[in-house]
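The next part holds the structures, each set out as C-alpha cells.
Same chain, two partners: subunit A is paired with subunit B first, then with subunit C.
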Partner chain A sequence: MRVSVDRLTKQFRDVRAVADLSLEIRDGEFMALLGPSGCGKTTTLLTIAGFYKPTSGTILFDGRVVDNVPPRDRNIGMVFQSYALYPHMTAHDNIAFPLKLRRVPRQERETRIKTVAAMLGIEDVLPRRPGEMSGGQQQRVALARALVKKPGLLLLDEPLSNLDAKLRIVMRAELKRLQKDLGITTIFVTHDQTEAMTMADRIAVQHQGALQQVGSPEDLYRRPANLFVAGFMGTPPMNFLDVSLEATGDALVLRRESFRFSLPDPLKQSLGHLVDRKLILGLRPEDIEIKPEEASQAEVYVVEPLGREALVTVKVPGAMLKVLAPPHIQLQAGTHVGWHVMPDRIYLFDAGTEEALLVPGS
Partner chain B sequence: MRDVLRKRSGRGALAFFMGPSAALVVLFYFVPVILTFLIAFTSMGRTLLWDFIGLGNFARLFGIGARDPLVPRILVNTVVFTLGALPVTVIGGLLISVFSMRVRPGAGLFFRSVFFIPRALPPVVWGFLWAWSFEGTRYGLFNAIRSAVGLPIVQWLIRYPMIIVVLANGFLGISLAMLVFSAAIATIPRDLTRAAEVDGASEGQITRHIILPLLRWPILTMTAWHLMSFLNSYVYVMLITGGGPYYMTEVWSLYAYHMAFVQYRYGYGAAFVVLLVVVNVSLLLLVLRAFGMRRMLTRGKIEV
Partner chain C sequence: MRSRNWRRSLWYLLLALVAAPFLVMYVGFFLRAFGEGMTLGIIPRQWGITSFRFMWQPIAWGLGRTTMWAAFGNTVVFATVSGLVVTAVCMLAGYALSRVEFRGKDFFLVLQLILHAVPGQILLIAIFFLLLYLGLLHRLSGVALARASLEIPLGIWMAKGFFDGIPWDVERSAMVDGCNRFQVWYRIFLPLVRPGIAAVFIWGFLFAWHDFIYVYTLLPGTIKLMSTLIQNLLATEVVDYGYLAALSLVYTIPPLALFVFLQRALLKVPVFGGKGTA
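Let's look at the complex of A and B:
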C-alpha cells in the first residue's frame, strides 16, 4: 500500500504536534520516522492510523483520501509502544481476536495463527497470558497480532524500546528481514537513530513537529540538510564549532580564537561568497585524527575505550571535541594532543538558518 | 530497617493506633449485636422485662406451632426487592460508566454528577422525592403531568409499589457503582482500546470483549457489596411506602423494625435481626471465600 501524507498539521490546543508534514511512502517500503522525544512521531502515526483527525492536510492510502475512514476500516496492523496486549486473553486469543472480529472460519483462523506463531517463534507462549511472558515474547505476540490479519500497512511505535540491548539488536535484524519477506509497507517510529539507520529503507527526520529531511540512511548521514539532522545522525554525534570565515590575503580561513583552518583551493571557489559570515563547522568524531603533541593547546579530557576503538574527549579552547581514535593509541587525561581533519571531511552550516552549506563530497 | 522498626515499636504502636477504633467497634457493633442476640430469646415487650422464652420467637418465625402468616410474604418481598434492585444498580452503573467514559466523554462529568446527586442528598429528601413523584393525588409530580395533559391520575404507590421502591434503591446504588466503574474504566490504558479498534472492533465489541472483562473485579465487588446493602435496607421503603400497601413492600429488616418499634415486640423483632445477621455473616464468608479475601483486599481495580 502506498501512503501519502499531504501537508498534515495536528494541533492540540496550544501544542502543534505535527506541522505541515508531507511524506510519500512507497508500496512495500520500510520508512522510519525518527526524531527526539516529543517531536510528534506518535501523533503522526496515530493520525495515519485514523485515531486523530488532521487539523489540516490529508492522508491518502493508494491515492484514496482516508480522512473519514475509521481505524477499523483502514486495514492497518499496529504495534504500540506498550504492546497493548489484552491482559485477560492468552497469546493465542490475542492473535485470534482480529480474525474473530472478521469472522474468519475457525479452521482457517487456527492455520493462520499457527503460521504467524511459527514465523515469529512464539508457539510455546500461545497458551500464556501477557502477564506470564517476557518483554520480548510480548513484543512478538503484539507483532503476530498485527500481522495475522495481513494488513496493507504496518505501523510500529517504538516496538523495540522496551527490550534489553541484546534482544533489541536481534529483533532489529529479524524485523527487517520479516518486513522484506512479507513486503508490507511499514512505518516505524523511533527516537533511536541507530535503529532507524540499520532497519529503514528511508528515514524521515522530524523535529518539533516539522519534517527536516527524508532520505536513505546513507543520504542523511553523508548529506544532512541542516544542523539538526547532522547532529542527530551518527553516534557519537557530530562535533560543532562556531567559526567565522575570513579572507587573509589569498587564503580563506575558518577561524575560531586561536584555531585556524585554511580551506583548500576547490572549496575556496565555492565558499568565497560566505566571507565574514558566522558559520558552524561540523566534524564527525571518526574524521578527526589526534596524536600527542607537546606544543598543542588541546588536551585529552577523558578516554572511553569501546573495544573496537576509543572515544576520546579532547578539550580545545572553548569547546570539547569527541574523537574516535584507534584503540591502541596511548593517551591519558591531560596529554596534549594535536588534532587534524582532512579538508574534504568537513561540514559547514549557516549559524543563522542552520542550513547545510557544505557537506563532504559536494 | 522495616524489621527494626517493627520490633522496636511493635505491640505498643499497634495498641496505640488500633486501640481507639477497636474500642469503638466493640462498643457500637459487638455490644449491640450481643444484646440483640440475648433479646431474641426473650419475650421482651413494652415493659422491657427480660423474660427468657428459649426458642419461642424463632419457632414462631419459622412457623412451628403458632405461626406468623406474614413471614412467607416478607421473605418473598425481600428476595424480590434485593434481586430487583441489584441489577438496576450494577447494570445501570455499568451503562452510565461506559456511556459517560467512552461514548460521550464530553458529557461524562455532567452525567456522573447527575447520578451522584442522590448520594449527596439526605435519605429523607431522596425518599420524599420518590414519594412525592408517585403521590396518588394530582399533587404528585407524575400525576400533575398526567392531569396537565388530560390523562386520569394513577395510584402509583398502590399499583406499582414494589417497582417503585426497587427503582428508588437501585438508583441510589448506581452512584457508588458508577463511581467505582468509571474509575476502573479510567485506568484502562488508552492503547488497549486503540489496539482493539485497529483490530476491527466496533465500540460495542470493545465494550464487550475488552472493557467488561477488565471490569470483572469491580463488577464482582459491587455486586457483593450491594447484595448485602439491599438485603439490609429498609429506610427508603419506609419513607416511600412504609411497607404497604398491606405489607406488599414490607421487607425483612423493615418488618423487624415494625415489630420492635411500632408494636413494641422487642423480643420477636430481635429474632428477625438475629437471623439477618446470620445470613449476612454467611454471605460475607461466602463472598470472601469465592473471591479470595486477599485478592479482594489487595487487588488493583483492573487486571492489567
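Let's look at the complex of A and C:
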C-alpha cells in the first residue's frame, strides 16, 4: 500500500503536534519516523491510523483519501509502545481476535495463527496470558496480532523501546527481515537514530511537529539538510563550533578565538560569498584526529574506552569536542594535545537559518 | 520505646470504648435471635431456633396473614432489578463519559454529583406523580426503577473511574483489530472492568435491599418487602424481640452472601502487560 501524507497539521488546543507535514511512503517501503520525544511522531502515526482527524491536510492510501474511513476499515496493523495486549485473553485469543471480528472460518483462523506464531517463534506462549509473558514475548504477540490479518500497512510505535539492549538488537534484525519477507509497507516510529539507521529504507526526521528531511540513512548522515538533522544523526553526535568566515589576504579562514582553519582552494571559490557571516562548523567525532605528540591549547578532559575505540572529550577554548580515537593512542586526562581536521570532512551551517551550507563531498 | 507502647495501649483502649456499644448491640442481636427465655433481658436460658419460626409459619399481617418468603422474594426481585438497572445504565454511561468526547460532558459530570447530593426523600412526591403518570405506581418493577435512579449518579462516577483505568492503546488496538465502539465496550472493556461491574451492582442492590421509605410510600400494603414487614412487626402492641432479631438476621444475610460470592467470582483483576501505558 502506498501512503501519502499531504500537508498534514494537527493542533491540540495550544499545541501544534504536527505542522504541515508532507510525506510519501512507497509500496513495500520501510519508513522510519524519527525525532526526539514530544516532536509529534505518535500523533502523526495515530492520524494516519485514523484515530485523530487532521486539523488540516489529508491522508491518502493508494491515492484514495481516507479521512473519513474509521480505523477498523483502513486495513492496518498496529503495534503500540505498551503492546496493548488484551489482558483477559491468552496470546492465542489475542491473535485470533481480529480474525474472529472478520468472521474468518475457524479452520483458516487456526492455520493462520499457527503460521504467524511459527514465524515469530511464539508457539510456546500461545496458551499464556499477557501477565505471564516477558516483555519480549508480549512484543512478539502484539506483532503477531498485527500481522495475522495481513494488513496493507503496518504501523509500529516504538515497539522496541521496552526491550533490554540485547533483545532490541536481535529484534531489530528480525523485524527488518520480516518486513522484507512480507513486503508490507511499514511506518516505524522511533526516537532512537540507531534503530532508524539500521532498519529503515528511508528516514523522515521530525522536529517540533515539522518534517526536517527525508532520505536514506546514508543520505541523512552524509548530507544533513540542517543543523538539527546533523546533530541528531550519528552517535556520538556531531560537534558544533560557532565560527566566523574571514578573508585574510587571499586566504579564507574560519576563525574562533585562537582557532583558525584555512579553507582549501576548491572550497574558497564556493564559499567566497559567505565572508563575514556567522557560521556553525560541524565536525564528526570520527573526522577529528588527535596528535598526542603536538601541543596546543586543547586539553584532554576525559577518556572513555569503548573497546574498539575510545571516546575522548577534548577541551578547546570555549568548547568541548567529542573525538573518536583509535585505542592504541595513549591519552591521559590533563595533557595537551594537537588536533586536526581533514578539510574535506567539514560541515558548515548558517548560524541564523541553521540550513546546511556545506557538506562533505558536495 | 516504653512510652510508645504505653501510648499505643491507650489508643487501643480508646478505640475499644468507642467500638463497645456496637459490639454489645451485635452480640445482643445474636443472643436474642438464638436464645430462648431471657434473664436480665440479655442472658439466654437456653439455645434454640424457635425465634426463626417465621420460616415455616405464616405471619399475621393486619387482619390477614402473610409469609416471610413472600416478602423475601419480593425484596430479592426489587433489589435485583434495581441493581441490574443501575449496572446497565452506569456501565454504558461510564464508558461514554470516559472515552467519548461530546459537548457538555463536564457539565454532565458535575450535574451527576449535584443530583447525588439531593436527598431521595425530597424527590418522593415528584417520583410519586411520575410513576403515577407512567402507570408504574404500585408496581414492584416501577418502584425498583425509581429506586435505581437514585443510585445512578454516583454509580456513573464509579463506572467512569474503572473505565478510566484502561489504557487508550488497548482501545485503539481493539479498533484497529476491527471493533466498532459497541464491540470495544462489550468484548474488551466489560471483561476488564469486572470488579467495577460487581461494585456497581452491589451498590445498586444494597441500597434497594435496605430501602424503606420508597417501598413504604410507593407500594400498596399488599406488596410486602422485608423492610416493611419488620416495620409492621415493630408497630404491633407486643413486640417479640427475639422474633424480630431473627427476622433481621435473615434480612442481613443476602447482601453479605452476595458480597462474598461476587468477590470470589468477579474480583479477579486482569493484569495489564507491558510497561509505559498511555
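The criterion applied here is as follows: the second predicted complex is superposed on the first by the 359 of 362 C-alpha atoms of A that agree within 3 Å, B and C clash if a C-alpha of one lies under 4 Å from a C-alpha of the other, contacts with A are read in each partner's own complex, and residues count from 1 in each chain.
The working rule: a residue touches a chain if its C-beta (ideal position, glycine included) is under 8 Å from a C-beta of that chain, and two chains touch if they have at least 3 such contacts.
Predicted, not measured: the structure shown is a model, and the values here were computed from it.
For the composite obtained by superposing both complexes on subunit A, the positions of subunit B and subunit C are in clash.
In the superposition on chain A, contact is made by A:84 with both subunit B and subunit C. Once the two complexes are overlaid on the shared chain, A:102 sits against subunit B and subunit C alike. Partner contacting the larger number of subunit A residues, of subunit B and subunit C: C. Looking at the shared chain after the overlay, A:272 reaches neither subunit B nor subunit C. With both structures placed on the common chain, the touch criterion links A:71 to subunit B and to subunit C. Residues common to the contacts of subunit A with subunit B and with subunit C across the two structures: 46, 49, 51, 70-72, 76-78, 80-82, 84-88, 97-98, 101-102, 145-146, 149. On the side of subunit C, the complex with subunit A involves touching residues 167, 169-170, 172-180, 183, 188, 191-192, 270-278. Interface residues of subunit A, counted against subunit B in their complex, comprise 46, 49, 51, 70-72, 76-78, 80-82, 84-88, 97-98, 101-102, 145-146, 149.
Here subunit A touches subunit C in the complex through residues 46, 49, 51, 70-72, 74, 76-78, 80-88, 97-98, 101-102, 129-131, 133, 135, 138, 145-146, 149, 161-162, going by the rule given at the top. Of all the residues in subunit B, the ones that touch subunit A in their complex are 189, 191-192, 194-202, 205, 209-210, 213-214, 216, 303-304.
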